[in-house]
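Working notes for the structure below.
We just call them A, B and C in the order they show up, numbering each chain from 1.
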């Protein structure tokens, strides 16, 4: 267990008072959360508690009703001053600073594995093609998929797809990585290979906000866990404390149900 | 545009409808015969039917119409423009209808045919009493769809001078030196006819399910 | 009758010229229709309801009009607007305009059937505007569109025959010319029909090839 001290207090993600409703359904109810550089924060919570919505508000895939999101001190979604929404091209530029890994991988089926990695760095970030391709090959090597670089995603297993999904996010050199239940769509025997990749990422100093039901990953790898319920954060803290001595009744109930 | 001109456009629309419906009346049963020939794999005939369908599906109605109108008389058979027009549309739509019927036949539950055979029904009796009463329902939406497409293709027969609606419109345009008003009016009438067929198609789809196999 | 085919063979250069025109009209018409159709499909997928419904209305209207009618409208209508066309260009314009509606509807149908998630992933990775369409959406749409685009191309090839009515020098026009001059209707039009058949077979072969490419990605 490589717990990183919070000595690098440089804040990468700062979420302040996010509120979001779908119709009359209040999904986020004033959520505030910070993630410091190099830290891994796991978001736990029952289904429907608003975890995905929280992640999607971070990169403005979902527009929150109230509250603000700052990435390395820069406001996302709103221009300086906070009253004028960003144009779609400004928003796109901010989104490119955040990597996202999806529950159902969402790889681009018309591109090969390595093209999936290189696509956005070349066409969104306008980086040099040769450099990007070299980096993409190295990343594939790192997630153990160098041999699959010219295959199409449809030919991969779920675990391989998700490792490509992670490598694709890394290829953007993002300041922050968002994971939305990256292992939930996988067969149980494939979860391990993805968790292993995520662990090495966390240990090598990536800044990660991870929604997961993988309690083992949260306990061993997270620097902080956050429990959401009904659109609020009901408890947060170091994983050792959270899993051993939860402070709230809600957390005790949750752990009873999900950790056995 | 005078009332007279409008009347002759309506007359043209009548011609379009009569010729198209006649073509459909011949083409639908002809398509069924072709489909049965292919379905029963009647040696020789089945291959002929397959080639016919493939050929006709890639033949423009205009070209086929010219062929029939000019070539049939060389065989010593008199043929008027109307008959040539009806034959053209019938032959074209038969090829497409064959595919609709065939899809219905291919989707027909094989157990039922077996059962009918077990009861000693002859092939013809099986077709009449067991298959057809169910088949036509499945095929109807597809057939109405093909009918709509045929009406849209029917101006092809203007090429041999049949006074259908587009032809009527060009004639009025040539007489008045104002081609656009009769053209636009004719288009409006056409759209109305097609919309009726599209409505009919929706109705049959709702009643008998979507697609030939439903 | 065999004599007729000899005559047609002697004048095969005229048929060849006709075929080349048919091919040129079909390909240029289809390419224009696909490009414009893709742009119209973007409007058909617009979140703006009013825009979407009015464009859909225009597309549906166009699909109710017989092709020959549109040919006449373009042929007589454009000079009326002060734009002078030769017959060939008028025919091409009608072909492109008419099939734009069909292509748009084909592309919209496929697009709306694709899972939205990969588009959303692209948005999350910083795609927006035209690049989202050219890099992520349309490659997937076209990958699934092969058979339907092939069918429409066959329809376009057949539609070019209508252009003989406004004297565009395409294949049926060429066959008509030979038959009028030498009175060999049977041979002239059978030859034309066989050539149309071959063209459509080539399209189907092309579609089969494209399907192999698409299959690898499914």
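Rule of thumb we're sticking to: contacts are C-beta pairs under 8 Å (C-beta built on N, C-alpha and C of every residue); 3 or more make two chains touch, one makes a residue touch a chain.
Only a predicted model underlies this, so the values are computations on that prediction, with no experimental measurement involved.
Asker: Tell me, please, which two chains come out on top when C-beta pairs in contact are counted per chain pair.
Answerer: The largest set of C-beta contacts joins the chains B-C.
Asker: Taking the mean of each chain's Cα atoms, which chain ends up nearest the overall Cα mean?
Answerer: C
Asker: Can you tell me which chain lies farthest from chain A, using the average of the Cα atoms as each chain's centre?
Answerer: Centre of mass proxy via C-alpha means gives B as farthest from chain A.
Asker: With centres defined as the mean C-alpha position, give me the chain B-chain C separation in Å.
Answerer: 22
Asker: Quick one: chain A and chain C, Cα centre-to-centre, how many Å?
Answerer: Chain centres of chain A and chain C, defined by C-alpha means, are spaced 46 Å apart.
Asker: Could you please state the distance in Å, as a whole number, between where the Cα atoms of chain A are centred and where those of chain B are centred?
Answerer: Going by mean C-alpha positions, chain A sits 58 Å from chain B.
Asker: For chain B, give me the residues that contact two or more of the other chains.
Answerer: In chain B, no residue touches at least two other chains, as defined above.
Asker: Using the touch definition up top, name the residues of chain B that touch chain C in the complex.
Answerer: Its residues touching chain C are 54-55, 57-64, 66-67, 70-71, 74, 151-156, 158-159, 166, 169-170, 173, 179-180, 183-184, 186-187, 190-191, 194-195, 198.
Asker: Enumerate the contact residues on chain C facing chain A in the complex.
Answerer: 117-118, 120-129, 131, 135-136, 139-140, 143, 216-218
Asker: Okay, in this complex, where on chain A does chain C touch?
Answerer: Touch residues, chain A against chain C: 59, 61, 88-89, 91-93, 95-96, 98, 100, 102, 104, 106-111, 119-120, 123-125, 152, 154, 168, 172.
Asker: Please name which positions on chain C make contact with chain B in the complex.
Answerer: 61, 64-69, 72-73, 76-77, 80, 154, 157-162, 164-165, 171-172, 175-176, 179, 185-186, 189-190, 192-193, 196-197, 199-201
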